[in-house]
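These are the structures in question, set out in turn.
Look for chain A in each of the two complexes below; its partner is chain B in the first and chain C in the second.
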Partner chain A sequence: MEFEAIIGLEIHVQLKTCSKMFCGCANVTGRAPNTVVCPVCLGYPGALPVMNAEAVRLTVQAGLLLNCRINLFSKWDRKNYFYPDQAKNYQISQYDQPLCLGGSVGISVDGTEREVRLTRIHLEEDVAKNIHFESSSGVDFNRAGTPLMEIVTEPDLHSADEAYAFLQALKQILAYGEISDCNLEEGNVRCDINCSVRPVGQRELGVKTEIKNMNSFKGVHRALSYEIERQKRVLSGGGTIVQETRRWDDVAGMTQSMRSKEYAHDYRYFPEPDLVPVELTEAQVESWGATLPELPAARRRRFVEAYGLPDYDAGVLVAEKRIADFYEEVAQACGNYKAASNWVMGETMRALSEANMEVDASPLRAEALAGLIQLVDQKTLNMPAAKEVFQVLFTEGGEPKAIVEARGLAQVSDSGELEGFVEQVLEAHPQSVEAYRGGKANAIQHLMGQVMRLSRGKANPQVVLDLLRSRLDG
Partner chain B sequence: MGNLHLETIESLQAKLREGACSSVEVVQDLLGAMEAVDGQVGAYLSVDAETALAEAAEADRRRADGKAGALNGVPVAIKDVLNVKGQPCTCGSKILEGFVSPYDATVVKRLREAGAVLLGRVNMDEFAMGSSTENSAFRTTRNPWDLSRVPGGSSGGSAAAVAAREAIASLGSDTGGSVRQPAAFCGCVGLKPSYGRVSRYGLTAYASSLDQVGPVTRTVSDAAALLQVLAGADPMDSTSVDAPVPDYREEIKLGMEGLTLGLPAEYFVEGTDPEVDAAVRAAVAQCEALGATVREVSLPHTPYAIAAYYIIATAEASANLARFDGVRYGRRVEGQDPIEMYGRTRAEGFGPEVKRRIVLGTYVLSSGYYDAYYLRAQKVRTLIRDDFAAAFGDCHALIAPVSPTVAYGVGEKTGDPLQMYLGDIFTVTANLAGLCGVALPCGFTAGGLPIGMQVLGPAFAEEQILRVAHAYEEATDWHTRRPALVEETVSSRQEG
Partner chain C sequence: MASGFSEHADQIDVGYVAHLARLQLSEEERAAMQAQLEQILAYVDQLKEVDVSDVTPTAHAVPVANVLRPDEARPGLDTADVMRNAPRQRDDQFLVPKIVE
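The block that comes next holds the complex of A and B.
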């Protein structure tokens, strides 16, 4: 029998705000446990939440970027459940009146483009982090209260590839909108999967399982590939799927049932009496929409028009916002748009990928790369020397000119100085001279290489070539 | 020992200004009064005498430096539900035994900024759930007028301390009458400000949409003086309202003339103690004599108020009290896993009334029951609010009894929670509708127990109800009477 998979995702995205969702604590990571906390995010008696307006703005902007309808009236609700990572044992969330409704994300899989519909986007607070030691457990409340946006999709996805493409597209838009850093390693984006399969042609949905707390897109792909096959196998064998929550075991490469009573919840939602509803005006939403950053498609068009780049280059450069920003800085600082594109797409992206690093985390600065490009354009550096300088800029940072001087890499274009090298090489390689004169034009490359070697890479190749030709052809 | 503990805020401020006494002497006299009567009354849970005296000395220094604030050197007792940095905040519960608060409630901060001295922590029903202070996990507080009777609740300690003259004034909290009813039982003035008038930041929540902090004092003028300092928007409380704060102490002097007072028919009904009914009616007549116009009004949805209140309050409480789980602070009873730890901690930490309300609140919010209970109760709440809006279309304030009874015997109603709930019938409506209300003495029973009446006003019209109450108080002397046990503390040497 032919089966089809029906997949819906719930994506939790930490917002890039200055402070937490309901208190004044900084929204930061990497601090010692329980040092970024206060009576509010620790749930002390008498402490009250105050809404972070910046988080509301970012969520509305995300809604605008994702084609949602913005609810001018939305409200807060308490979601009740006991767990040690919850300071109040209820989470402040939005139940029946979220900030954004509907929406869509365009994806492209195997050359087919289509829209994945969103159900809603709401705002809530993140929980703390439970840490397990050998014989005890601890809770780090630094993360508690981080603004968390939950995006819920319609059951519109049908394969692991589609889910993966959707998450990539979503991440690109949110990073572009500066809604979130979308740093997966930091846990900025986490995902719950709902998945069922049914025989092709059947109208009603199959029984679904839920896989919670996925923190990598590759993990989502693997988990879905496994789970879809598992469900097909069970149904083909005449079995039934149990509605349950399953856990993805990344090491074993399989999902496992977690039949825990904790998950049989009645959350007893009710309106949060400590907060007032969120009331927005059309004008406010409009002004937030007007300050939205340019999205990838528009930026790609602009790169082609404004910088005269081939469409291919533009596509590669805009894929990640930080790279596109970096490119623009380099291009504007050096004025040679195509060279900038070559350096960013080539050396820079290769080095970043080898170092597994984000561009803003590397010591390489845009103006330094621009300076390097200018040195090449001014013929102060030849390519091999430029690549050597780049390596230094990438690993240590610094000023390209200073590096050129310190390493003595400046190109030698003085023909007087180079003539001596040419003379030496012609004498030492009579066969190549013979070959060239015999019609093998390529032989001149070998001779050039020898001159470059003698100059320790500093010779201006064009001058060398001219000198060689005038000697050999003359 | 002197007699400074007998003063009101107003009279004390005059003496402090004139240099007739120091704040340290005031605190000393109050500590002396506690020594003399608190063994019998049981109003206080904890008193840090050393810190109070140090704060008083500080206030005296400020006065000498010409930097006296609005309440400089005035001692105020604090209900144990409000957070004071470095002090315990038990909320009358074993589950918070040993907890020391890391921060000041906004009202406490404002008192400090005005120069007040924080005197000590007064007893209450556990988590403010109760009407007699018998639900405190720590001690039974007695009514200073008759030690065999309750002081009312949940702010029973706040009212008993003021009535027994072991506090000049105190702060309480009112969720369904918890300031007004004990004030009435103890012959004090108790003010419940409009919802949003006073910040709730640092007030341990019972029912967030109903809770308000309010003062308990001996006179209306003193209540106005405290409200002046407490009122106003707070960025830490989103439900506090940025409405202008009038000069209460001046506004209350405008007199009764020209005011229309409403008598809600549903608050003068059978079942109320005849002595209470008669005293409140007499007070209404007195108001009329003072120049007010009196008319009857109707609040037709009153019969549904108790049910709506106990659904909404317990629903909110079930979530508010979920944080007491033994993980971060307070009492912890270990278990095999977190769930068992929660169960054991809460089983041992909470008393029976708190558990009853958590179970009730959890039930009314449960899937399948939400619409029938919580949602319906919210609709009733809207109807009650509309009732009051219609009534206030015709009058400036309403007059009613605070409670159908006067103070009852200790243990008399503990076996029947429902009877106890019904005693809140005249007070819960102001909380449901977000109104302001002030309770003040309007007579005594033949047996010598205080009777209270309440003046209810529209939201953010505190100056209006205080004006009515002040005009009445000026014309009567109920507020000047003292319980017999206070006489033991009166020094004949200084008593003129």
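The block that comes next holds the complex of A and C.
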């Protein structure tokens, strides 16, 4: 029997604000436990929350970027549950009047483009982090209260590949929109999966399972690949799927049933009495829409027009905002736009991918790469030497000129110095000389290589070529 | 409408509501709560007699919206103060019974 998978995602995205959602604690990660907390985010009785204006603006801007309808009236609700990731026994969220409704994200899988519909986007507070010890668990409230946007999709996805493409596309838009840093290692983006399968042609949906708290897109892909096959296997074998929450075990590479929680989904939402509603005006939404940052498609066009890049280069460079930002810095600092594109798309992206590193985490600075490109343009460096300098800039940082001097890499363009090498090579390789004069133009490459070797890679290839030609042709 | 309550006040499921609130009730307490909660709901039910067809529903008791603060960070509490009343702690974290997922 042929089956099809029906997948919906709930994506939690931490917003890029200075302070938390309902209090003035800093919105930062990586601090020692319980050092960025106050009575509000610790959930002390009587402490009153006050909305962060910037979080509202960012969520509305995200809604505009994702083609949502902006709800001019929205309000806050309490989601009640007992779990040691918050101390109030409720999470402040939005239940029936979220900030954004509908929306869509375009994806492209195997050359087919289509729209994935969104249900809604609401704003809520993130919860505390639990750290598990042998016989107890610890609670760190630093994360509690971080502005958290929840994006809910319609059940529009049908494969692990589509879910992956969707998450990549969403991340690209939100990073470009400067809504979130979208740093997965920092836990900025987390995802819950709803997945069911049904025989092709059947109208009603199959029983779904939920996989919670995925913190990597690769993990989502692997978990879905596994879960879809598992459900197909169960159904093909005449079994039934149990509606339950499953956990993805990344090491074992499988989903496992979690202890089923009775009444797990009765959150008894009710309006939050401590917070008044958000009322927006059309004019306000419009003005926020007018200040939206440039999106990838527009930036790609601009790269072609302003820097004269081939469309292919522009597409590669804009795929990730941080790379595109880095390229622009390099291009503007060195003035050679195409060379900057070659260095960023080539050496830089290769080195980043090998080191599995983000561009802003590497010691390589844009102005250093620009300086390197200028040294090549000024013929101070030839390509092999420039690549050597790049390796140093990438692994240790520093100034290209200083590295060139310290390593004696400066290109030798002085024909007086190079003539000696040329003389030696011509004497040592009479066969190549003869072959060249006999009409084998390629033989000159061999002679050039020998001169480069004698100069320990520092000779200016153009000068060498000119010298060889004048001696051989003359 | 929360699922602990049905359309009619006399069908409130006290056991279910108690479980959601993590309350352990004896049989006597449950019977007492059953009667009391039904009385309360019946009392509140009187509101249904008021004609509200011309009244716009509100999300809040006061007609105020958009109480917002600028996005500025300020220092919070000192960690030593935060942990002072913790019944159990380790490495500046509050300790709770092991969470089994």
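We adopt the following convention: the second predicted complex is superposed on the first by the 471 of 474 C-alpha atoms of A that agree within 3 Å, B and C clash if a C-alpha of one lies under 4 Å from a C-alpha of the other, contacts with A are read in each partner's own complex, and residues count from 1 in each chain.
Convention: a contact is a pair of C-beta atoms (placed from the backbone, for glycine too) under 8 Å apart; a residue touches a chain by one contact, two chains touch by 3 or more.
Quick caveat, the model's predicted, so the values are computed rather than measured.
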| item | value |
| --- | --- |
| Which superposed partner A:L65 touches (first chain B, second chain C, both, neither) | neither |
| Partner chain(s) touched by A:L418 [first = chain B, second = chain C, both, neither] | neither |
| Superposition-derived comparison: chain B or chain C, residues of chain A touched | C |
| Partner chain in contact with A:R78 - chain B first, chain C second, else both or neither | first |
| Contacts of A:I173 with chain B and chain C, given as first, second, both or neither | neither |
| Contacts of A:R247 with chain B and chain C, given as first, second, both or neither | second |
| Contacts of A:L42 with chain B and chain C, given as first, second, both or neither | both |
| First, second, both or neither for A:K88, with chain B first and chain C second | first |
| Partner chain in contact with A:V285 - chain B first, chain C second, else both or neither | neither |
| Which of chain B and chain C A:D274 touches, first, second, both or neither | first |
| Intersection of chain A interface sets (partners chain B, chain C) | 39, 42, 50-51, 80, 82-84, 139, 262, 266, 268, 273, 275-276 |
| Chain A contact footprint on chain B (complex, rising order) | 81-83, 89, 91, 96, 99, 101-103, 105, 200-205, 207-209, 235-239, 315-316, 318-319, 322-325, 327-329, 338-339, 342, 362, 365-367, 370, 374 |
| Chain C residues within the chain A interface of the complex | 2-4, 16, 19-20, 22, 59-62, 64-74, 76-77, 79, 82-83, 88, 90-101 |
| Partner chain B, residues of chain A touching it in the complex | 39, 42-51, 78, 80, 82-84, 87-90, 139, 262, 266, 268-270, 273-276 |
| Chain A - residues contacting chain C, complex | 17-19, 23-27, 32-39, 41-42, 50-56, 75, 80, 82-84, 97, 130-141, 247, 258-259, 262-263, 266, 268, 271, 273, 275-279 |
